[in-house]
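A quick write-up on the structure given underneath.
Labels run A, B, C and D following the written order; every chain starts at residue 1.
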Amino acid sequence: MKNRMELTFLSVSENEAFARSTVAAFIAQLNPTMDEVTEIKTVVSEAVTNAIIHGYNHQADSEITIVCEIFANKEVELIITDQGTGIENIYEAKEPLYTSKPELERSGMGFSIMDSFMDSLEIYSTIDKGTTLIMRKQLTKTETACH
Amino acid sequence: MKNRMELTFLSVSENEAFARSTVAAFIAQLNPTMDEVTEIKTVVSEAVTNAIIHGYNHQADSEITIVCEIFANKEVELIITDQGTGIENIYEAKEPLYTSKPELERSGMGFSIMDSFMDSLEIYSTIDKGTTLIMRKQLTKTETACH
Amino acid sequence: MGLKTDFTMKEHVLVVRLSGELDHHEAEILREIWQQKLRDENVRHVILNLEEMIFMDSSGIGVLLGRYKEISQAGGELVICKVNPSLKKIFDMSGLFKIIRLEDNEQYALHSLGVAS
Amino acid sequence: MGLKTDFTMKEHVLVVRLSGELDHHEAEILREIWQQKLRDENVRHVILNLEEMIFMDSSGIGVLLGRYKEISQAGGELVICKVNPSLKKIFDMSGLFKIIRLEDNEQYALHSLGVAS
């Protein structure tokens, strides 16, 4: 493992931008392409927003943790955890356009985006215990990436 | 308490810049002045560097933790911790220009800078257990700060 | 980086210019202001210029779809222009362009809505 | 943001231009390159241009003091110019200017070292 960081922060929506820019700053040492940075920032934003809206139902005094590990072969691993309500039916939740909160204008695309932008997505969830997402992405090896 | 974050990372020198830019991003929500951002980035850099060089003696597989809490009255609290060798004589260590590693061209100014740039600096250290620094700074209340 | 919003009326068309990052935090604020504008101004159609949008997640898609529904229910049209390349992937995934018209720029959009640009 | 370094010789004067952030990580690298230059080139004096330096901590002060000693022991002089305002506080605290001459810009510094700029 080349480098590792763990970030824990309050489940307030102001921290969504902070979380994704911190992860982006951390993976910068792998010289990712602009697209790779955008994709990783997006999945972090989706996962953190899910924890705030669904996991913690907008209670602002809970905590979200992001672990980011990067490897010499330019692979990135993201583990995002909340201690919130948990997901009843993961299969249903992963359905594109499925959302349990349409009244909040949620588009139900969070998990589809994570699936599409990352190489792998694992969802572990227990009712009233919380949810952990493990996502991995192999960044392209070319050196001509901008950072 | 308005917001809180906790960042843990490997004690490698590449993470010095990452640590200070993360703290700077976090306090941005308080609209700090340019000088205040520079001062806080500097003390974070000093504390993290001390943990790497002195606390862990350049062993790269240890961890450093930064807790940052910000308050509605624009006060910032920083707690920076390592589980390293600890400081034998804190009084001596705080002496301006004192350094236990002159051969590394250390200027012995780390603690003086922290003293000068922050409103308060508390040092807790136990041999072979580690060192914890608690620093506080009241940011100026003017709204015309740039961010 | 937050979100900057700019609203201007051109005859009965509301021109919305967004710049910066649109996530859940900013979407909550945008929804409020945008709905306020739709109520206050005599708005028939809306043009959304995303040239300076550098980041959007699914919350952004949600707030756009929400406004699209409101505008079309009121008999108007939402036209989007200047979609920044970095948003391309998420827009394609959302299938937004199957239901919302895309124009090259504000002039074309205004023209297509019968307003001299 | 890392540190960019630029070394050029002007007669017997080494001109060092630093831009970006100088912390412990970058200071270790800078020390190597700078000492290499002092060995390879026929360097008598050194001019350090810090115009584009936006961040420095005490590690930066350490590497500057270290080179100052080496240069003066070899009979040369280190002159610093264009100190960026954001470095003001840490320079004042270090008392560096009590022992290292400060000039307005590279021309004045070169001139003061007897080199046509």
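The working rule: contacts are C-beta pairs under 8 Å (C-beta built on N, C-alpha and C of every residue); 3 or more make two chains touch, one makes a residue touch a chain.
Being a predicted model, the structure only gives us computed values, none of them experimental.
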{"item": "Common touching chains of subunit C and subunit A", "value": "none"}
{"item": "Chain whose average C-alpha position is farthest from subunit B's own", "value": "C"}
{"item": "Chain centre separation (subunit A, subunit D; CA means) in Å", "value": "44"}
{"item": "Where subunit C and subunit D are represented by their mean Cα positions, the distance between them in whole Å", "value": "52"}
{"item": "Between subunit D and subunit B, distance of the C-alpha-averaged centres to the nearest whole Å", "value": "26"}
{"item": "Residue list for subunit C, restricted to those that touch at least two other chains", "value": "none"}
{"item": "Multi-partner residues of subunit B (at least 2 other chains)", "value": "14"}
{"item": "All chain pairs that touch each other", "value": "A-B, A-C, B-D"}
{"item": "Residue numbers on subunit A that touch subunit B, as the complex places them", "value": "3-10, 12, 14-15, 18, 21-22, 25-26, 29"}
{"item": "Touching residues on subunit A, where the partner in the complex is subunit C", "value": "13-14, 16-17, 20-21, 34-35, 38-39, 41-42, 45-46, 49, 52-53, 104-110, 112-113, 116-117"}
{"item": "Complex contact set, residues of subunit D against subunit B", "value": "1-2, 21, 23-25, 27-28, 31, 55, 57-59, 61-63, 65-66, 86, 89-90, 93-94"}
